[in-house]
Every structure is written in structure tokens, then in C-alpha cells.
């Protein structure tokens, strides 16, 4: 009997629950010699903005204990060039393509999605509500002091609702971890019509060079990712999955199948592999085969038997 | 010329900025054979509650990448027995003793501090507002759903004000990291009369055993500490020190002098060494001598030249 | 028995925590230990080279009773990595002339004969040895507790049991000992962070001061050796 | 030059990221490299034993120009750990008969003579060698750029400069080369995470498409070798 690893995220049927995380998989082409990209459950692209972005000056990365900080600054060619130059390659791969998008205002979010919606070969959007490296602004006066969409449930609702109105495609709200109440943010996204939430983006963090007394990153702060954050991410997925009805896509420090299974058992319907791609370009494919091995060993036939199966 | 490492926290003049963190230094006696405890800038005791607490059932700890989870459950002999059995030893050491206290209600906080205030040999209190492992309740109806004091600025204000009214001793509010806006919480503590804030307590986190599909800790979740959280802690100290006037005591993953200096440069007036005590019982003493070496090498004579000296 | 904490990873922070290991042999100047490679820490230990400097903390904890044993019949029951500390105990008792060889009986159990540690050491020491393996590959097939039961049935006068090994074994041994009304000490294996009483992470559920009550003992300082009858097994 | 990414810590997650190292020698079946122990990763590499399995990814990046060099005068300027890739370049050019030995001039600089890597290798290769040390312990006292300037002053016809080393040296070499209107390629050393274009962490500020503009090049895939004149030095 065959294993059925498929899971449903909005309108997208993923043939397996292993995706790669935004900003950690180049434009996919960089990985084509390492494994057959068709194996992937799906690909989330680097975050795309309406205009091209040069990104932050270097240094952009610094290593930390079992993790790393990044402040790439959303370097991307802008939505037009993305469609022209990058999308054709993605389209050819034959796996679900989820484009990560960000705007500096609700309008910009809407515009990026509208522009992408006119192109072929996109299966859904992940709204990057939590990128910590760029200043935000909102139309709504009272909220304009909030630095990040992901830090305020009302702003999350505003963005998701607005985008929901302009696309029928699968809409995923990606939330940041630097909040008191992740489930509350997820509920706001659900209420506004998101098909799923992605948890978690990076933690805002900082490393200071004691010799120069300067932050190591040119941007001062950066986003912390990697195995170091996994126990927090698992907790957030666990407490969120209990509270919302739409699926949770879990990530944060997944290095191998066991870690992915931790997220799935905690309540995630799918997972994304991020930082691990840098150390081991085959990480995502190994996560997938590891999940298959687990299912065979435990005599499981479908993902239902794993997702949210945590005992208490 | 001698080095002056002294710093002021409320009414306490610490002869150096290196303290040991609550819950990571036993009852101090466990360390007496490792180094001369008199060297320490100060000692923060394990959190004391009004009644004795047995603590959580095992397993209480689990290792994570560059960190660990703990769910000790505030095992402590209760305030009376603490005064009778543990305080005499602390008193003898001749270093500032800061007693960490926690209550399940504002009243309990007040009662513990009142009881301790009648005993000799205590220099100040650290209010543990953020222990993630025990359920809380508040007198104020509307707030009774909030799980943790540290997650709500109004509750922080309430507790700190109430305790402020019953003691003249130095009062430190220890805040948790699982919030959207740490400076806001610190401002609430400052407004309510705290002499300093301690940043940060552990992150609520979880590890699941994939084989048994159960959380590894009996308490399900635990607090994440150790080097893995340091970059987040440094960022929180940095952004908080800019916003409040009272001193910040920084901690989170300090393993050596360089890490302590990171916190001091970011804006901390003093630091606490926590998890490192478990791997290396001399860690705090080595942090201190490393700071001295740094000052000599950089020809500095006082802590003023280090604290909040971060360049941008 | 008493143990040391070893930082297996040197300067690396992964794995972060030290690992506890019992003494196999120990003098005032040096010691040896015996370990199974089960995970990351012990794997790294396997890479230690002669001349490497390693961060070791110890001796830690409270070992087995070492005195007043002269006239007693000492039954040492060990399994898995619980065997080395029992060899340490037997050796120490014999060397210090606290016990007489012929009064010491060693019961060892393992899944397979390859896991029966220290067999040769015990033989050299000249104490009597009773072996069992789960698969019958050596000694009696089955659990070591049946060897112990058989022995106690024959003679349990002035017997005292000392055991170390996996928790299910300790529990079973403890039950057998109490059936025969024989005092028994067990050395428990619980997860530890510091190993010297600083973290309170190594809780063990034991009987409280009042009947029916319980408390959590700190295994690294109160133990790792406990009176078997005090422990509240799951 | 081209490089490999090495996971220094094996299964341990600290340090987490791989470390980039250039080739010293390389064939289609094996390679060697030369490194300075500067931190945790290189310390761990120092513990590698013969027979150990190590996770290596490569060859990565774009190396120095390898063709159209026959009639040129090739000036290779290296410092610190930038020297091995220049030896690799010189050796490859000579072996593949792309350049003639006597046209290749090597300029090496270091703080102290003990840091002048590959001196013997270059000598064996039979190319002309010019040495300098900051402290005068070997060769000319001072920076390697003064040797280069002196050489270019004498003769800069058909000269091409290739350099690798610390950023301040690359910048200085690049300035000298442009003064003489000589093409120059530099191999930059920037912090990297992945090394193959996946993270965009290895930004290098270079001239943009329109005059006065800039953009951030991805050093691991566009480089690490860049035309010196394209780089916007700090």
C-alpha cells in the first residue's frame, strides 16, 4: 500500500507537507543540481515587493549559537521583473509555487498581489507580515506607529482582508514570533479570510562586536533563524493549532525529518525548511524521505495520523 | 590606578556588575568550593513564594540546540522556611542579596515581600513577573484571563505599585520576553516605582518526543534559556535601555565576559549569569575577571565607559 | 554511585550540557569510566584523544553505603551502564577491606551478552558472578531479577541489595528486595543539567515526610543513591 | 578563486554554518587547501583525522580569468589566506599552458614572515617571487602594494593584476592597478552563509547599471572574483 503524504492548504493540494521557506531557497535554480526539485511539496519564493529593492548593505549575516541573524533587507527584483525573469523557471518545475509578498502599506500588498494574479503559474501567496528589517506604515492613522503588521491583530486583519478581496488564490498569512499572543494574530488572519498561517518568521535580534562596540550587522538588528529557535516555534505552532480552524504551516530550525515531525505532531499541516538549506542543500529532500521512513516504520498511511497527534 | 567596576541599582551599590540569575545558583552554598563567592556583584535567589512548592514532576529539563528547557515549577521551601534555613547562609556571604519573589496574586506578592522585609540581610527584591510555568490570577476582573503578569503592562503596574508601597528596599521587575513590546512593559514597571528591570526571563517553549508523541517535559512547556536566546535578549536590552531611565539588568545566554560586555555595551547596567553556571560553576567569576581584563586592555577605569556605549 | 560531569563538546555549545558518568575505578589521583555510545555527547567522547584536555567536574553525588557491611551478605544487581558503578563499589569494598569477597554476589543482566559489561573485572576481583541475558546469549535467559529472587529464596539472612541500571530494573529489584524485607539501595539515572544541586532539574519522586505525601528529591545531591523503599516508582 | 564550503562541526550545530576555503591544488578527483586557525570552525578542522568523513560542497563561485592570458604579463598579488588561491591560479595557468612561467610575477605580503604562505610552492613552480612583510622579517619591509607599484612603474605593458587577500589590501591593489590603467581582478572575502546563492547574505557593494548608482552583488555566485574597478570600496 502506498503512502499518502498529501495535505491540503487552501485550494492547493500539496503532494507532501515539505515546502521550502521564503528567502532560503534562492530562485530554486541554485538547488537543481542537488536534488530533483519536483519532489518538493511546494516552494515559497523570496519575498517580492512592488518595486525592486537593493537590500541592506553588508554585513547582512552573522552566525549565532545554533542559529544565524540575517538582515538581507528584502533584496528582490520587484514584481515586474520577478514575473518576467524568475517566474518562468518556477513554473516549469511542476510543483506548487507560493509567492511571498510584502508591501509598505496595505495598498502595496494589494498591488503586488494584483500584479502577480495576472501572471500564470502561481498557486498562492504568502503574505510576509513580519519581516523585521524594513519600516512599515499604514493608511490607518492610529496604527501608523506600529512598526510591523505582524505585531498588531487589527493590521493583520486589514491587510489580509484587502488582499482577500482581490484574489481567489490560496492566501497564507506569515506571522512573526515577537508577539505576546500568536494565536490572537492567527485568529485575526483567519477572520480576515486567510486560508492558512505560516509560523514563524525570524525573531528580531542583535549581535554586538565588543571590540568595535558596533552591532555586527549594518542594519543593527536582524532576524534570528535556525535550530536555536525551534523549541519556541514548536510551542507557538502547538498553541496556535489548537485555536484556529485553518491549517498552520510550521517552521523554525527544521534540520531533519525528526524536527519536521515535531511540528506536524504539534499541530502543523505542513512544514517549511529554511536555514537548513544553507548548510545542506539537500535538507528539504532528506526531510521528506525521513518522514516517509517514519511512516513506514510506524505503519502509518496518511498524514492525518501524524498531524496534531500530540498526546498530553 | 585601580579599576572601578561598581554600579548602582536602586539603593544597592554593587561592587561589580556581575550577578547570578534566579534559579541557577542553588542556594549559593553549592558553589562555595568553586570560587570565593564574595567576588560576586550580587546574588539573586531562587524565586520564593508564600507557601512551599513541591515543584513540577519530572522530567523537568531537556536540552535543546545551544540551550535548555526547564520547568522546575518554582520548587522552593516557602518564605518562612527560606528565612529560617536559607537566608542565614546568604547573609554571611557579605554580598548584596536580592530575593526573587513571586505570587499568584497581587496580594501574595505583597505578602511575600512584607514577610521578607521583616528579616535581616536582604538588600532588594526581584519580582518574578514572568515565570511561565504556573497559572496566575489577578484581583482585577478584566485581567483575570491574562496568563502572566509580565504579558500585560497594566498588571505589571499593579504588582509593582502594590509592592512599592510596602518596601523601601530596591525593587527590580523581572520581565519575560514573550511580548510584542518589551520597552512598554519596562515603562510600566518604571512608572510604578521599580528601581530597575531585569531582562530577560526564559521563552516559553516545547520539545516533543517524536517516538512517544508526547512533550518531553511533564509540564509540556518549559522556559528556554542559554546561548541560543542571547541575540534576542541583547536586542531587548538595547531597545529597552533607550526608552527607560532606570537601569536594565541584562541576561540570557551569557557564557563568558565577551557576552556580558555585549549586554553592557547594549545598555545594561549589570548582568546576570544563569544557565552557564550549570556547565561551568566558575562561569560568573570568570565573567568578572574577563571584564576586568577587557578594561585593562582597553584602558578603561569605570563602568560608565562601557555601559550603553554602543555605536551606531 | 558517585559520578562526574563531562563536557563532551569542548568549546562548542551543542550539545550544551555536561553528561554524567559513574566511576569504573577511581583513586585520589585518577579515574576511569566505561560508557555506551548512545547519542551526540557520547559520540563526541569517542573522539577524545590521548592528551586532550577535558572539562570534568566531580566527584559528585552520594554513593552507596560504604561502612557497616562487614558481617553482611552484599548482593549487587546491575544492568546496562549501571554495571560500572557496581564494579567500582565491589572493588572499593574489597580494597578497603570493608567487605569480604565471599560475601559479595554480583548479578548482571543485559539484553545481549555483548552488553554484559565488566564481566572480566568482576572475575578478576574474585567475587561470585551470576549472569543473565534477555535473549539467553549468555547466562540465564530472562531478567536479572529472577536470579536475585532465586538467591534470596535460598538465603536472605543479613542480605543487602545494591543496584544500578535502567529504571524498570531498579523498580523490579526494589520490589523483590522489599518482598524479602531486605534493605536495598538503588542508584538512579535521571536527566541532569548541573549535577551539583544548582538547577533542581533532576527531580525524583520520593515519599514525603507525612504518610501518603510525596516530594521531589534532588537526585544529584541527595542521590543518585536512594533507599529503594523511599522512591515512588511510576 | 573558486572555493568549497566545509561543515567544520560535523553533527554539532555550533558552529552552524559552513566555512569557505579556496583551493590550494585541485584536480578532478581531489583537492587540497591551506588555512589559518582563526576561530571555532578552523579549530575544529584542525582536529580532522585521516579517514574522517567531512561534508564539503563545491567547487563554488567564479574563479579568476583563465584564458586569453598568453601574451600578458600576469601580476598575482596575495596576502594572508588569499595566497593559496593565487598559487592555485598560477599552477593551473602553468599546467594548462595558458600562461608562460616567465610572464607570471608573484607579489606576497604578510605581517610576519611566518605568515608568508606557499613560498616554497611558488618557487617550485618556477615563477618569479617578490616578498614583503610589514615588520621586515623577510623581503621588503612594508606593504606588498609598494612592490607592485615599483614593478608597474618599470613595466606595465600588457599587465594584468590578480589579487586575493584582506579587503584593505585588495582596495589598495585595485587603486594602484587603476592608476596604471591596468585591468585587475580581485577575489573578495566576505561573510557567507550558503555559498551558492540561496541566502543573499554575501552582499558586495558594486557599481550599478547607471553612473553613480550602486547595487549589491552576490559575492558567492557572481564572485568571489570581481573586476576591481567595479567594486565600491568603503
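Residue numbering begins at 1 within each chain, and the chains themselves are lettered A, B, C and D in the order written.
Just so it is clear, contacts are C-beta pairs under 8 Å (C-beta built on N, C-alpha and C of every residue); 3 or more make two chains touch, one makes a residue touch a chain.
What you see is a predicted model; the values in this text were computed from it and never measured.
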Any chain in contact with chain A as well as chain B: C, D
Chain whose mean Cα position lies farthest from chain A: C
Whole-Å separation of chain centres (CA-atom averages), chain A against chain C: 48
CA centroid of chain C to CA centroid of chain D, Å: 57
Whole-Å separation of chain centres (CA-atom averages), chain A against chain D: 37
Residues of chain C touching at least two other chains: 13-15
Contacts with two or more other chains, residues of chain A listed in rising order: 64-67, 226-228
Chain-level touch network, classified as line, ring, star, complete or other: complete
In the complex, chain C residues that touch chain B: 7, 13-18, 55, 57, 190-194, 196-205, 214-216, 221
Complex contact set, residues of chain D against chain B: 13-14
Touching residues (chain side chain B, partner chain A) in the complex: 64-67, 69, 151, 178-181, 203-208, 210, 212-215, 220-221, 224, 226-232, 234-235, 238, 253, 258, 261-262, 265-266, 294, 309-312
Residues of chain B touching chain D in the complex: 65-66, 227
Of all residues in chain D, those that touch chain C in their complex: 9, 11-15, 40, 43-44, 47
